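Look at the two complexes coming up: subunit A is in both, with subunit B in one and subunit C in the other.
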Partner chain A sequence: MAALTHDERLVPSAGTPRPRLKSFGVAALAVVIVGGLALAGAFLPLSTALDVRNAIGLALFAVATNLLLGYGGLVSFGQAALYGIGAYTVMLGWQHWGWSFWTGFVVAPLVGAAAAAAIGVIALRTRQLYFALLTLAFTQLAFTLAHQQFEFTGGDNGVFGEVLPAWLADERQGYMFTLGVAAISCFLLWRVVTSPFGLTLRAIRENRDRMEALGVNVYLHQLVAFVISGFFCAVAGVLFVVHTQSAYPQLLEWTKSGEPILMAVIGGMFSFLGPVVGAFVYTLGQQELVQQTESWKLVLGVILLAIVLLRPDGLAGLVSARPWRRLRRSETEPGA
Partner chain B sequence: MILSTRSLTKQFGSFTAVDDVDLDVAEGTIHSIIGPNGAGKTTLFRLLTGVHAPTAGRVTLEGAEIAGRKPHSIARKGLVQSFQLTSVFPRLSVLESVQAAIIAPTRRPLDLVTRYHRSVEGEARALLARVGLESVAGSQANSLSHGDQRALDIALALATKPKLLLLDEPTAGMSPAETQKTTQLVSELNRTTGLTILFSEHDMDVVWGISHRVSVLHQGAVIAEGSVAEVQSNPEVMTVYLGEGEPLEKLPA
Partner chain C sequence: MDTVVIEVSGTLSAASSLFLASAGLTLIFGAMRVINLAHGSFYMFGAFLTTSLVGFATGARFWWAVPVAALAVALIGAGVELGVIRHIYGKEHLTQLLATYALFLIFADLALRIWGAESRAVPVPKSFFGSIEIAGEQIPKYNLVIVGTAIAVGVGLWLLLKLTTLGWRIRAAVDDPESLEASGVNLQLLFTVVFALGALLAGLGGAVISPQIAVTPGIDGSIIVGAFIVTVVGGLGSILGAAVAALLIGASETAGTLAAPDWASTFPYIAMIAILAVRPWGLFGQPER
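Up next is the complex of A and B:
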């Protein structure tokens, strides 16, 4: 036991030491990623660039969802409702009240945050499975509303039309706008996860009763996380409008809530950029699969299964795999 | 008295787990609660920390009523516990865990923009040094030995700067060496910082060794209270322990 302990002490934990060096590395990585995507948007063939633009919007959706999933340990199937609400707010405001796109752009995240607060206040009173089921129920409620209120939402057809100002409707410029909004949003979310709140949220994920016993109002903190996530999910919904100039009920379906969760799992939910990687692999990979085989969902399922079984830290886990592997070995083979 | 209970009672259905308990803990003392299994020690602690609401009775911390408050609210008032089953943050580093605990009772957990928790790193390291964990600050909490996790658990409670520290069987499941280390730590904390410690314990050597006051719980009620010598010579206490089949040699009279 003693010898084992000594060995284990060498195991470093993810993400504490040398903050200054680390933040320099983070900034450099951010510049490389955003710069690379900007170049891609400028020079890739248009159809490919549009696929990438779609992936960028979904990447923000996945990162915002992962604030709950990876950092908060909360499996919410309500994120599609908030994503859809973002898109619908822009489109409905434009159609019914003559809002400009910019009005919708500002209002939609606030509506998303308010809706998240309403859902969270109720759903966060429960835990785990019941929490997931309640959030799923809210998504179905939003879907049903969008689907049935034909007069207001256009029902199955959804809402579509020339909502974007001319320069944004230009595909390349729309790409840069999408990239800019997603990058700023991710930066803000990065600030959140590296703040005292972010640390508190991770501690709650690890052991909520202990955190409560140390003086933290767990319910309040989870609610704040839910609202922040809702805000940025709605921003991602606005980016969907930039991409398609439409909103329709399928955005609100609960299966849509599964997508950012799958992306986070594929990419790795315990790292900030994991969901971004996952979003690109999922969207672009899905397109490839669809072209190759009719049973692409089967292939996707097998890939997912393999990741969950073999690489629970996701693709991002490959990069920082060594300490984890050593840790796992020392857990499964005591005395080794 | 830093902590007092009056007629504190908890019933689960028709079963009375804690029965009309009057307890007084004096500031700066090590006060232990002993009693056979099922005597109601853990339930009593849960009433004090707000995990359970009492059926009847009062609990005051520094004169202020705390019975029925939520756990986090009681913790903020300065009554903080370390758990019977070691309860740490498995996938946080030891240092991060203590940083999280330091900011827990402040308003900082809702701070979304600063990096305030980094500024308490020095304080966190000092605390880890006090419980002998400075060399494992960077390790993940779940990679520590049982004894070290126990020490981390205590460090988490200390990080909140409690007025009263509650320890529920701090040496449960420990090797003799670890037990001695923990006992020493508890005694030292009390001596050097004047921290009031209320703890429940099975190991009688630990109890007799470091307690200033001892309360004996039996079937939910306090049947004896006093100094170590007083409790050891109390005939009712001996009957209870012999009746419950506890080894005789654990009660040197």
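Up next is the complex of A and C:
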């Protein structure tokens, strides 16, 4: 990482010990968020709590996708395939091979990571739009398989059934489980983005050619990021099963891949928590909109258009006029 | 020999549909470097407008309904370029994808409001009703219209780009927009025209295909995927590439239907993945920086 010192913006945090004050601030924020959501799950009316539970699972999906989008600069439309694979692995294992939920819970992320490796090996050879559209093809391939191989996947209906153990099927306990899994996953992803690996990933996003010239294996770094993202997208897929006890082809449609990207953009893709904010705004906002109007797509489209044309850096960008600089400063200056 | 006839005719009609859906997309990308996720929406509007113009009873009005629908979509396209696309030239791909995805959502909702959720049908015009016999196989007569339109569009675009003033301006805009503007050409107007032309081709595609499909909200999302496969495999911006890719994908789809019907619809994706694994920038595309 020593070579990075040419870029003063990226210098100190990799090698030097992280300032204690900042770690404390991050930990305190995490405790407040998780604690607040736990209280919400315990005391909110059940229907609202279920909406929040749904948002928590999708927040993990968005954070895992944003590892590629915000940190890696990779627009992947393949994440729905990995999300769906997570859900389908649990449900199909249960239906065909009598797996318990826990077997599926352990196996699904590994299948997601393996699928991500297979997709990434090919897709990362391409760049930019070709990458976005090739990953979209992988999602469509998964969708078509789930749709057509109905003897194995149940086709259009998908797979559903009482896969959860009794205590987890209880809504409030399922909520706490979802929150716990999402929180631990986000903590691990936080460790990834703050590691030297995460910094290298961002440096590749900023200037790929320079990193290549410095001898960094760009392809390998992006592939590892893709696999990690795939692992946690599949975990989010498992949380979908906790929420609905089902898996169906709509999880694998390319528009589903657009959702975590929208969430990240709405919340701000250049901050770690932006996608979490975006997931809550998107999911709960949509719930609200669907009740208010039949035209929620129209409203969403207009809002998205306004964000893209007027505030390309998302809601987080409203806080700071220069999110890029703010992001860098928060990495390099203690307590910023 | 029968399977050969089926394979060839199936490939030609599938390839023609794909080419009609993607020609406008690749034209717009070639000239303006904008990827338009709402291209499928233009296609859907072409098909829906045709259902409204033709009505349910008769197929006689079909021949003037098609060009009217295509022109109406071209007008919508010009409006979209003036209102939105103009602001996202040269922006990051993500910005373009998001802006045009927003348009995709808006158009999907508008179509649902105007035409409802139920599927609509356009009767096949009388003169092309039924089928003809080629080497002992029954081929729907209407396939001739689709193949003919695709060839006309392909040749027409080629002539336009090679022989007309508009054509050389478009080609100059691809290579060097600054010099073109410096030479006195109104680049903004040129881009509006190109975008409207791309939309017109999408609307024409939707209008011409409409008798062969169930016209429902949601065809926008499925068509755009097919169009993306073709444009990416052919190389973004290459009309010739789109034509070749349409033939390849059409052939793989038809071969899939004959060899393994259960797996047929996966074939185009597998073909795309295989081709891009070998040539990451498509058959006729330029490596992107």
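Keep in mind that, in the parts below, the second predicted complex is superposed on the first by the 300 of 336 C-alpha atoms of A that agree within 3 Å, B and C clash if a C-alpha of one lies under 4 Å from a C-alpha of the other, contacts with A are read in each partner's own complex, and residues count from 1 in each chain.
We take it that contacts are C-beta pairs under 8 Å (C-beta built on N, C-alpha and C of every residue); 3 or more make two chains touch, one makes a residue touch a chain.
Here the structure is a predicted model, which means the values were calculated and not measured.
Visitor: Quick check on the superposed pair: does A:L305 touch subunit B, subunit C, both, or neither? Answer first, second, both or neither.
Guide: second
Visitor: Could you say whether A:G25 touches subunit B, subunit C, both of them, or neither, answering first, second, both or neither?
Guide: So A:G25 meets neither subunit B nor subunit C here.
Visitor: Touching A:P165, do we find subunit B (first), subunit C (second), both, or neither?
Guide: In the superposition, A:P165 contacts neither subunit B nor subunit C.
Visitor: In the overlaid three-chain picture, which partner chain does A:K297 touch, first (subunit B) or second (subunit C), both, or neither?
Guide: After superposition on chain A, A:K297 lies in contact with subunit C alone.
Visitor: Regarding the shared-chain residue A:R191, is it in contact with subunit B (first), subunit C (second), both, or neither?
Guide: Touch partner of A:R191: subunit B, not subunit C.
Visitor: Quick one: is A:A132 in contact with subunit B, with subunit C, with both, or with neither? Answer first, second, both or neither.
Guide: A:A132 sits against subunit C, while subunit B stays out of touch.
Visitor: With the two structures laid over each other on chain A, which partner does A:G258 touch: subunit B (first), subunit C (second), both, or neither?
Guide: In the superposition, A:G258 contacts subunit C only.
Visitor: Under the touch definition given earlier, write down the residues of subunit C that touch subunit A in their complex.
Guide: So the residues of subunit C touching subunit A come out as 35, 84, 87-88, 91, 93-95, 97-99, 101-106, 108-110, 112-113, 221, 225, 228-229, 232, 236, 262-263, 265-266, 269-270, 272-273, 276-277, 280-282, 285, 287-289.
Visitor: Quick check: in the complex, which residue numbers of subunit A touch subunit B?
Guide: Touching subunit B: residues 1-2, 4-5, 8-9, 11-17, 19, 191-192, 194-197, 199-200, 202-203, 206-207, 209-218, 220-221, 224, 228, 270, 327, 330-331 of subunit A.
Visitor: State the interface residues of subunit B toward subunit A in the complex, per the touch definition above.
Guide: Subunit B reaches subunit A through residues 49, 70-73, 75-76, 80-81, 83, 87-97, 99-101, 103-105, 108-118, 135-136, 138-140, 142-145, 148, 156-157, 159-160.
Visitor: Which residues of subunit A touch subunit C once you look at their complex with the stated criterion?
Guide: Going through subunit A, the ones touching subunit C are 69, 75, 122, 125-130, 132-134, 136-138, 140-141, 144-145, 147-149, 253-255, 258, 261-262, 265, 295, 297-298, 300-302, 304-305, 307-309, 312.
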